[in-house]
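Shared between the two complexes below is chain A, which has chain B as its partner in the first and chain C in the second.
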Partner chain A sequence: MAEESYLTDDFLRQLINVGEVDILVGLPTHNNAKTIGSIVRTIQSGILRGFPRERAVIINVDGGSRDGTPDLVTGISIDDVRPASNPYALRTLHSISTRYAASPASGVAFRTLLAAAELLRAKACVVMSPESANIEPEWLSKLLYPVYRDGFDLVTPTYRRHKFEGLLITNLLYPMTRALYGLRIREAYSLEFGFSGRLGSQFLGQNVWNHPTGEAGVELRFTLAAIAGRYRICQSFLGEKDHVERRAADLVPALRETVGALFSALEPDFRVWSEVAGSQAAPTTGTDGEVLLEPLRVNRKRLREMFSTGVAELESVFQSILSPPTLAELQRIARLGEEAFHYSAELWVRTVYEFAASYQKSVISRDHIIQALAPLFRGRVFTFLMENRNASADDVENNIEGLCLEFERLKPYLLQMWKSRE
Partner chain B sequence: MREMIISELSQALQEIARGFAHFLPRLIVMLILAFAGWVIAYLVKAVLRSILRLIKFDKLSENAGAAQLLTKAALPSATEMLSRFVFWVTWLGFILLGVRVLGILGLQEQIARFFIFLPRLFVAMFIMFFGLLAAGFFSRAALLAAVNANVPSPRVLSLAVRSIIIVFVLSIVFEELGLAEQTMLVAFGIAFGALMLGLAIAFGMGGRDLARRFLEKKIVRGKKEENEDELSPL
Partner chain C sequence: MPLSRDVLWYKDAIIYQVHVRTFHDSNGDGIGDFQGLEEKLDYLQELGISAIWLMPFFPSPLRDDGYDIADYNAVHPSYGTLEDFQKFLAAAHDRGIRIIIELVSNHTSDQHPWFQESRSSRDNPRRDWYVWSDTDSPYKGARIIFLDTEKSNWAWDPISKSFYWHRFFSHQPDLNYDNPEVREQMWQVMKFWLEMGVDAFRLDAVPYLVEREGTNCENLPETHAVLKELRRKLDEQFPGRMLLAEANQWPAELRPYFGDGDEFHMAFHFPLMPRMFMGLKLEDRKPITEILQQTPEIPPSCQWSLFLRNHDELTLEMVTDMERDYMYDTYAENKTMRLNLGIRRRLAPLLDNDRRRIELMNGMLMSLPGTPIIYYGDEIGMGDNINLGDRNGVRTPMQWNGGWNGGFSTAAPESLYAPLIQDPVYGYPAVNVLRQKASEHSFLNWMQRIITVRRSTGVFGRGSIEFLYPANHRILAYVRRLENEAVLVVNNLSSTAQAVELDLRRYKGSIPIEMFGKNMFPRVGELPYLLTMGPYQFYWFRLRRI
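Showing the complex of A and B:
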């Protein structure tokens, strides 16, 4: 089998010792010693409560931790969890670990998990993020039940979030995937999700791993592959999304992981998304996401300044990417004062679509195209913050819905750009 | 006396005729070579132009910044320029071969030199093109990184990166062509040194306020600024 070449002998021996399983929990890590103990105990508790009769395994794939994270994962005994959760597992719960590389790479980690799932013939799998500090045992059931009992192939989460958290998702990723692929998945890019062994095997065999951008944002590529392959997909509400320590400086890596992965998927999926019109709601357990409204201090002035500076300084780059009317409009709003500044939904959608078309034709280095989007995104964030400064949860949802409809309305523009650049 | 003159004249005419008879076939060979060379050069040009269009060479040269230079100089596109260059070099090569067949003394050595120089010219052009490409790529990368990191004067930084790479590439190109190697080496040393010194002075003079603001931000108001920007994009 192909996976034999990148699974180590030691890991293969561990997998042989485990044998076939029903449930596989994947846990990619990198220097998570501080939190990994409680997360593993929560996962074990979730398995004991939700799947006491099933054969289960926790697989830790580590990207070169230097703080002993893998030892912590394998060292936690199931007996540590039993007193807290009444039911007992009727089967052995295995915890194994492998180090796939000296540095973290989400694509390699996920590929290792998929190969392990295929070898163990796992029926239902779930990937958990070590960065989620508020993970609950119920999250496992919420992500696994729809796969294990209801025959779904992919379960993506929905969360309770602050209205200004996850703005890249609400302003680009969700509306664009929805408009293009026709399915309303709130968190198409997530570090926690459940999937069937069938979908995992199918994705493992796809030619995404050797692609230059295959490594970045593989989780999003996985969701898009499931939609494109017409697999059964649903959403499950997990609860509050814990604050991930990401600041503005992390915007470019975030764009690479998400927007880069989305743009690179558009070319192979052209036949799928070019024929889709409108969008359908995905089956959802619980709510479709909740919005928190606590006041939050944000340096809006800096966002607008970085937008204006970006538009002025990157003019030569934007000339290669954007159409003259769009660039002229961006230059016009970049000169406006804070009060008059407004980056409209229509202009934002046109900008994103023109970036997608330019990315497809590689008018300049694709990574440079993604980087060039960062200052424009800051401008859009500024407008979103201003529009929703005093908005209620319903108002925020309505604004996001309006943006989604704008993405759907202007989809023919993307098709036109796509074809004109061919 | 009269007979002598006639004899000398007829001998001279015979020599001219002999020389002409000796030269005419060579001239014909030269003309044939020149014509065959033109046909071959034309074919090479057509094939090369198709290949360059296929690999989107114009787009590459646009990215390298070469296209802008050509436009400013009112020259045709990079594909057309390279195709024409190869056409002329190929045809010139055949013409020189023809001239060699004529057996004109003194020209042989010059022609040999030209053929020895040709590969170096191609290598120099190759280095120049990819050097411009690298300069365009890295200057854009510097510009984007500087803009996204909110570094002041990102275009100056980008221009500095571009200039350093171009100066470096030019020095290699001149060395490859063997043109004023020593002069170029000294000029490169002076230009590079001056550039670095200029940057150091500019940083020292202009960076004082920047360094002060940076330290103030980090030490005095660092915590506050950081909290204000804590917006997770994902």
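Showing the complex of A and C:
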């Protein structure tokens, strides 16, 4: 029996009508009716300003919204059927939509966009977040020009962020990907990025779509695949990243999508990262990121409590994952008071590397390993907040750089653990 | 073949535009003439055209290719005599071909006796036949049309020591239509040719007849009044004759030139033409459908006149700045191809001599609502010579065969009014009538076939149009209808094969008959009608209810 396609007949029919394009804008959504209207209009404006002559399409891949999100996207097509409602445009701009049944975090949306990009022979593609309230029309050009004009294959964003925003990125994803893959990509996992049709096609053909419903964090795998495949990669500064309130319960899914994806990439990419020493800067348009300093309320006490509780309750789990010295050190600091508490960079890097090695060995369920990292990450965040509460932008950057260098310095430790398995 | 008696003959016409100078030289002086044109009438009859539009052939200093007339009631000696013209006219009528001539009504040459008298003194009785001023300050709201050559619409006359008004070149002073004597004189000019048997006039530059302070001096109510007066006299004294307006304007501004069916019979649809080229390059029907959506309804007796190329530059006045930039970049990368606000190129070179695109463009020309005009030489895919100045590069001698001077003239090549196209691709040894007649699949024979098919039905000339808007924007599809007849036209603007689903439920039960091969296609049902189209392919289907 033939494998059921994740592209529906109706979607294929829409793609046939769109035909070959130069620019493809992908917009994964799930119940984004509140924000999507202004975002698609900004995207449309970005296309008309930056690419007025190019053949372009906006493709919405929706994870079963019940709030009418797809209708808001398709309603902005520029065509000759409703010319009165169009902004001025040289050519037709299709805005089409398709739905999928899997979980919104499954990666099916991205896979669908990659398939559409290949079928439409798109030269340059961009994926935009349906939640970016701060999006500007220029973001399209910033993410697409390097691909369309300058021959880059992947454009990742940099943002102006508050110093305490994106802590998973600054404390784990950025320093670890940098140390392992040797390229300084600030936002290796982003919901906004540009890429070439050839990179998209290459990734679509890779064996990363094992699960029938897709794979979480596939966007990070995409970045890592681009680095591993020696594709041309650059960064582009977009502007301010809007603040999104996160609940404590959001951390584990976030870890699954990001850290899980990173850990699972390490085995197939071993030949690549095991030969990398040090790191190189990626070409960047604009700044490497900017830091905002205004006060931000964070419940630090709760973070430390969750760390201490986690270390105590998950001791048996940690015994499977961590080396005895690391676990002992964690238990020691868990007993410290708030003022004395300090989760050092070295201890944090050792913790993460030991988690990565254990993930690779599957000492216990991989999902349990990822979940177990959550309380430890909160402890590290507590220290980061304490260290940087009065820090200037430069100080914050220096601290992040220090952590990165620690990840690079201790990389042989990870390699040693990895090889000991073999 | 007698001329049809239908007063709406222009609706079914296929018009062929030619300058007598360019077509055939009968006396070996290097310049085409009426006797030569008459000798080629059989060729035009065989091609299938039903009307000839002659560019100005009147006595003229020829500083604007005859649009600077020095005598309205005679023939330029280079082209023959009045008797030669009358003989040509009769021969054309014998073949069922009508003759449309130019009436350059807005201005004369500065060599015209009227102007010479007018400038001779401020007291001359014809002083007021032109527009004079002591300063160059009036009518500042009027744009300058020939931007590349003129700095002002006023020119200083050293003889009468005052300024005269000119919308075009400074050697073309504008007539003063506020003067009733001028209006009467222009009617007398028309009457002169109408009594001879001329079937229609193409009125040149009609928006500019009257000037008023505080306006842009275009499309004024007073101008319309002048034109309506001419039309009334024409209908009263010469029913069945036709007036064709040259007014390079947006559709909404063009509409008043039809009046209530009491001004012009026809008008050129200038904004459509560049958008056909744009749609083809963009591979997107949007520019074409949008301009046709903006085109207002016209009175039942009126008709649009459609063209792909003509004797002027491919005008880009009626497009936006962004569209103009796009057209320049895609059709005239070489800046020498640009002139004024346009592109001075012929059809075939514009389309890279791509037979499929040339056929598609002609297919649209023949099937969109209006009367098509074919520019001489485009039926064989003639090229141009951008090294010749002004618009002369698209006005080179007709290429009849591969022999001496391409069969145009027996004169020494250096004495021809303009050099023949000689490059390897478009030169007369490669592109000529004789060679294409001998080849069944030549472009000339294809043109003959499409004209025959077009003339096999009245639906293209007189029918309504209904756009289908399939979701595939590379497909331009419409149904032309006239009474019980319906023709489905499907054009693929893309360079690649396309699939398209058409909503033809309204024609459920009809059998599409492809009009060129006369083959049947599957009957139209309730489901979307699927067609696959090759690159730049087009279909004309007669929808038969059998």
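Assume the second predicted complex is superposed on the first by the 398 of 422 C-alpha atoms of A that agree within 3 Å, B and C clash if a C-alpha of one lies under 4 Å from a C-alpha of the other, contacts with A are read in each partner's own complex, and residues count from 1 in each chain.
Assume a residue touches a chain if its C-beta (ideal position, glycine included) is under 8 Å from a C-beta of that chain, and two chains touch if they have at least 3 such contacts.
This one's a predicted model, so the numbers in the text were calculated from it and none came from an experiment.
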Ask   = Which holds for A:364: it touches chain B only (first), chain C only (second), both, or neither?
value = first
Message = Under the stated touch criterion, which partner chain does A:134 make contact with: chain B (first), chain C (second), both, or neither?
response = neither
Task = Mind working out whether A:344 is in touch with chain B, chain C, both or neither, as first, second, both or neither?
result = neither
Query = Looking at the overlay, does A:298 come into contact with chain B only (first), chain C only (second), both, or neither?
reply = first
Task = Could you figure out whether chain B or chain C reaches more residues of chain A?
result = B
Query = So, does A:398 touch the first partner chain B, the second partner chain C, both, or neither?
reply = neither
Request  = Check whether A:14 is in contact with chain B, with chain C, with both or with neither, and answer first, second, both or neither.
outcome  = second
Ask   = Which parts of chain A are in contact with chain B and also with chain C?
value = none
Query = chain A touches which residues of chain C in the complex?
reply = 278, 282-287, 289-290, 293, 320, 322-323, 326, 467, 469-474, 494, 496, 498-499, 501
Remark   = Touching chain C in the complex, chain A uses residues 13-14, 16-17, 19-20, 52-53, 55, 79-81, 83, 88-92, 94
Request  = Spell out the part of chain B that touches chain A in their complex, as residue ranges.
outcome  = 59, 63, 137, 140-141, 143-150, 154-155, 225-234
Key: chain B-facing residues of chain A, complex   = 164-169, 189, 243-244, 246-252, 254-255, 257-258, 296-299, 302, 306, 309-310, 313-314, 317, 363-365, 368, 371-372, 374-375, 377, 381
